Amino acid sequence: MKSRTIKVDYLARVEGEGALYVRIKGDRVVDVKLKIFEPPRFFEAFLRGRHYDEVSDITARICGICPIAYQMSAVHAIEDAFEVKVDGQLRALRRLIYCGEWIGSHALHIFLLHAPDFLGYDDVVGMAKDHPEIVQRGLQLKKAGNEIMALIGGREIHPINVRVGGFYKTPSKREFEPLRESLARARDEAIEIVRWTATLPFPDFEQDYEFVALRHQDEYPFNEGRIVSNKGLDITSFEYDDHFTEVHVKHSNALHCILKERGAYAVGPLARFNLNFDKLSPLARHEAHKAGLNEVCRNPFQSIIVRSVEVLYAFDEALRLIDEYEVPDRPAVAITPRAATGYACTEAPRGLLYHRYQIDDQGRILDARIVPPTSQNQKTIENDLWGLVPQHLNLSNTDLTSRCEQSIRNYDPCISCATHFLKLDIERE
Amino acid sequence: MKRRRRPKLAVWKFASCDGCQLSLLDCEDELLLLADTLEIAYFLEASSAVIKGPYDLSLVEGSITTPADAERINHVRRVSKFLVTIGACATAGGIQALRNFRDVDDFIKIVYATPAYINTLEHSTPIADHVKVDFELRGCPINKHQLLEVISAFLQERKPNTPAHSVCVECKLRGIVCVMVAHGTPCLGPVTHAGCGAICPAYDRGCYGCFGPKETPNVRSMGRWLGSLGMSEDEQWRVFHSFNAYAKPFRGFSPEVNEKSNDQG
Amino acid sequence: MSLEEHAMSATADLMTPRVFRVRRKIRELRDVFTLVLEPSGPTEFSFAAGQFNMLYVFGVGEVPISLSGDPGQTQILVHTIRSVGAVTRAINKLKRGDAVGVRGPFGSQWPFEKAFGRDVIIVTGGLGIAPLRPAVHQLLAQRESFGKVSLLYGARTPNDILFQKEIERWRGRLDLEVEATVDSAPPGWRGNVGVVTTLIPRAQFDPATVIAFVCGPEVMMRFSVLELEKCGVSKERIFISMERNMKCAIGFCGHCQFGAAFLCKDGPIIALDRVQTWFGKREI
Amino acid sequence: MERDQLQQLFRLLAGNGYRVVGPTVRDGAIVYDDVASIEDLPSGWTDEQDGGIYRLTRRKDEALFGYAVGPHSWKKFLHPPVIRLWRAQREDNGFQVNQETDEPPKFAFIGVRSCELHAIAVQDKVFLTEPHVDPIYQARRQNVFIVAVNCGQSGGTCFCVSMNTGPKVTFGFDLALTEVVEGERHYFVVEAGTEKGEEILGQIETAEADAEARLKAEQVVAQTAAQMGRQLDTTDIKELLYRNYDNSRWDDVARRCLTCANCTMVCPTCFCTTVEDVTDLTGEHAERWRKWDSCFTLDFSYIHGGSVRTSPRSRYRQWMTHKLATWIDQFGTSGCVGCGRCITWCPVAIDITEEARAIRETDTKKGS
């Protein structure tokens, strides 16, 4: 029987360093491993003994692509421990800066990482030669997202303005004026992008996933909500550890997270969209429909459309938040540390991000636990490959490899929290 | 325009958060021009295409934390004509160098259930501890305008304008009101390398040193003053031991036991 | 244009480089070369011995470089440069016809008026001879106006002797005493060995009236001054050429301060008595 | 002149094409910035200052100029912190340099203190003395309209009396105000110093100040002079410092000094700059930018092979000796006007008056 191995030592166009290994015997897949060898950095360990006020700056450094997600989960978990509620305009500003990160991160993924797969380019630079307008548009969208982060956060990567209780300084209304203009322009562009992604060639591939995301009664979820799934899960962040568990597999420096009861599940744009379609803005819903998305989308390749719908939504939401903005009385609510454990999940661009902190009465961190979206998706990514490869055995090794990579990128795995290809070995037995 | 052969650019990653290489992709307005000026020959985060070295300009992100990486950096040096480290990880060991102050096995046990699978070095070390580095760009993360400045300077064979003086100079050039003097907020600006544009003071918080030590930083005097502003010894230790904890002048900082009289002598 | 406006635009001009072209480049030593520049359009210029220009290479940067040519020649600018860092390396790469930005000339000059009728002793080392070459040309051009003229020159090795042919020519003149010495020499070298200060007591000059021109590395100048003083030359007759960082060359940037002197305008050539408070002190 | 008439002055100045800048409260300090009306002035605010400490506090009255000096000085308008000097474009076989042609605004400064007038006079000497005149400074300086204020209160770090630079304004202003607040009554005694000043004043309906008002104004200034927060003995200061280059006090201050350059940045007379030659990615376009620099940076004294002033000791010594001594040789005046900014804004409270005193006390060659 012929057997082959698909091996990608360095996955390209993903954030961080990972590799892929698939072994095929005849028409049967016998092994799939998404290896993550991004070196461990031990955040949970050195958070111990640090002060609660340092956590959001430190955890931001887990990932340069979605630092705001880390900051948001961190501050919410700590506020949960201290029983502090941050609302009104401060809450709105947090949503707004998160919109910025979704836009920046999604635009990066759509245009720089994923779209080249669909169109057969190695990278955006190659793609720009044939599709200059699309690429320009994409870069401008990304820039608009970064502008939100830079204005509220001080800079786009590892913003400095987020703190437990709110912010260090809140922007004036006037500072939003130029931003509002560029966002309004970008929203129109974003509509075009949704339409464009819908025209990409998608393979027929659907699986029966368990989608997990936050759900909030009034809004599309960013910072708050219950953790729900299409298979009946409905819990608070406090109960996360009861239902999810991390396993350490030999082939990876990242931990795999699974649902204790049902195993693999998927988080991210597809999950959010499927569980919160009704909470999208009318414009985003309208464009989603026009793009051929139904309320539930099970084709992970179409996540690129879903991402662009979320980008459109984020612009819509950002504009709404800016229009309703009033400078809050104070940049942050007062904090009194107490000994307690706090829990929070927020929606990082790549999906659910769980933080838990045990803190002493001096505000020192005793214990920290962080579960990034990519660990949660890892098993599902491998499952997709188990399902996908047998369907495409007729492809040449090169094409099969690209298809596998594309399928991995469906999840926008962030290997730093989970990016890349170098060498391909095909073993035939 | 005289068109020379386009220099080949490579971007390498070691232990890091990807933020510094992302800074390159965050140059939305310049990205395509950049790709036109330099041949992007190796940049896994952005491209599947890999063009063989040697590379004229290598940007290296991340610190060395595993035996394999300690090997790989030697390879990177061999294939690079001009090697620039980008960011606190690559120039100072990064936040992950906090392990250098503790026992790494304890760290592994805290994070991983099956520590045996993890192969890591005891220390997280900057690139310059392993190979010769031609230029170091500071920051956690680096500032994208400075990155463009370094690349433009490389192309023109000039010295990049990335002054090593304090953040205070940038702060004052912007006319920001000093948060330490006017509000009593502890600020590491006076001992921290410029480059960020003094964003923290501009947002009403003290600088936390993410660009690492400036030229000739007086960390002892700084520590004493932080103490007089009410920072405990533990807080003083922590503030110097964050994203550039392993950078020499910060690494060696230990708070002076606060004497009663807070004299400045 | 009012007078005031005129002064203003004149200074504005001093802040913007004018474009010159490389007419010739001569390799002097392994890392030292002489650049002959000519204006790219009709421009008037003249300079005095000891002055310097700010040379700008497009996109690279700007550095102070002394004029090393004959002040009598007004059609060209001559500079002798050691390639040490980014800008000087870039200058070294320029080819015939390439453009160079020039601001200048700036600074003070060797005090010939003070030297009329007196002996002149020139003590120099290494590249320090570059800003003194125009002085030698001028002394020779007006040779009858001065007493004895001696040129003492130190280099590291025989291979480091700059303007060797010219020095040989000068050495052949009867109205000029020329002595060269090297720090270390290969076998076969028949000249002096030792530091340049050892030549001073042997030189012929009247210590009571002589005017000394000293230019070279700061340590070399320090010891030369000590030696000159020992011979009885007083401070106000010793002229040194100092080097400090310079950005504007017109006294605004502050970088070139050496004690109370702005070396870009009070110097680079300055009488020792004006800077005696600082000369020889560390980190001034 | 009453409060309302001051408002009129703002309008007149703006109407005459001036960009009116003056004191205003921002981020916990009184800074100099655009001010549209007297509403923008720091009404009822004052500052408490000491080494390394500045705090805004409320006054008991609604005085508009009831504070000393803040972190900014007027030099930021006359001698911009960052400015492009020129742009150049590569051309076939060379390049072309284009000078900046932007017309700077006409500034009206509101609330200039006596020490600040002296500081401006000092910078005039630096930038406007033949043969070289800085066109950037000159273009801003020649059109400026100065509304000075006599200090009604000294700051905790002020020592203008020692430096002979205040608190009463004596020259260099177009208009000078003395603010008098007495119970319910709040008025200004105005004096015109130039024709330009007369002209503007003539357009405001003001009452001639009576003898009592004048006397009150005199008292205000006299009171301030008596309150100086610091003192500096300037006797033979130049000679003192010239003979103390090797004093061990420099080592002592170096243990505290952070070489952060704040003192030079806030100093109203410090003039030093550096330039940055930059290019874009294409290498076709080059620019030169000028930025404030400081003798506290290593690059400042860099010559090939290393910086001249590597030790913090030599850098502090350069700054203080320049301010108090070499300046006198260079420009015939002290480089220090006694405003106290370097003391207040030094993050570790190093005090020039204290250091000068210490040098004097340990002057080994005293009397020689």
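A, B, C and D label the chains in the order they appear, each numbered from 1.
Keep in mind that, in the parts below, a residue touches a chain if its C-beta (ideal position, glycine included) is under 8 Å from a C-beta of that chain, and two chains touch if they have at least 3 such contacts.
Quick caveat, the model's predicted, so the values are computed rather than measured.
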Number of hops, chain B to chain D, where each hop joins two touching chains: 1
Two chains sharing the most contacts, counting C-beta pairs only: A-B
Farthest chain relative to chain C (centres taken as mean CA coordinates): A
Centroid spacing, where centroids are CA-atom means, of chain B and chain C in whole angstrom: 43
Centre-to-centre distance between chain C and chain A (centres being mean Cα positions), rounded to whole Å: 65
Distance between chain centroids, defined by C-alpha means - chain A, chain D (Å): 51
Between chain A and chain B, centroid-to-centroid distance (C-alpha), Å: 25
Where chain B touches two or more other chains, by residue: 156, 158, 204
Multi-partner residues of chain D (at least 2 other chains): 90, 277, 279, 283, 299, 310
Numbers and ranges of chain C residues touching at least 2 other chains: 59-61, 85
Set of all touching chain pairs, with the criterion as stated earlier: A-B, B-C, B-D, C-D
Contact footprint of chain D on chain C as seen in their complex: 7-9, 11-12, 14-19, 21, 40, 56, 58-62, 84-85, 97-99, 101, 243-245, 247-248, 250-255, 257, 259-260, 262, 265, 277-278, 281-284
Complex contacts: residues of chain D adjacent to chain B: 26-29, 31, 52-56, 71-72, 76, 81-82, 90, 252, 255-262, 265-266, 276-284, 291-292, 294, 296-299, 310, 312, 344-345, 347-350
Residues of chain A touching chain B in the complex: 10-17, 38-46, 48, 50-51, 54, 57-58, 61-65, 67, 104, 108, 112-113, 116, 122-126, 128, 135, 139-140, 142-143, 146, 154-158, 160-161, 163, 167-169, 246-248, 250, 253, 255, 331, 405, 414, 416, 419-422
Of all residues in chain B, those that touch chain D in their complex: 1, 30, 33-34, 37, 148-149, 151-153, 155-156, 158, 161, 163-166, 168-169, 172-178, 180-184, 187, 189-191, 204, 215-218, 220-222, 224-225, 264-265
In the complex, chain B residues that touch chain A: 13-23, 25-26, 28-29, 31-32, 35, 40, 43-50, 65-66, 69, 94-96, 98-99, 102, 104, 106-108, 110-114, 117-118, 120, 124, 140-141, 143, 196, 199-200, 202-205, 208, 210, 235, 238, 242-243
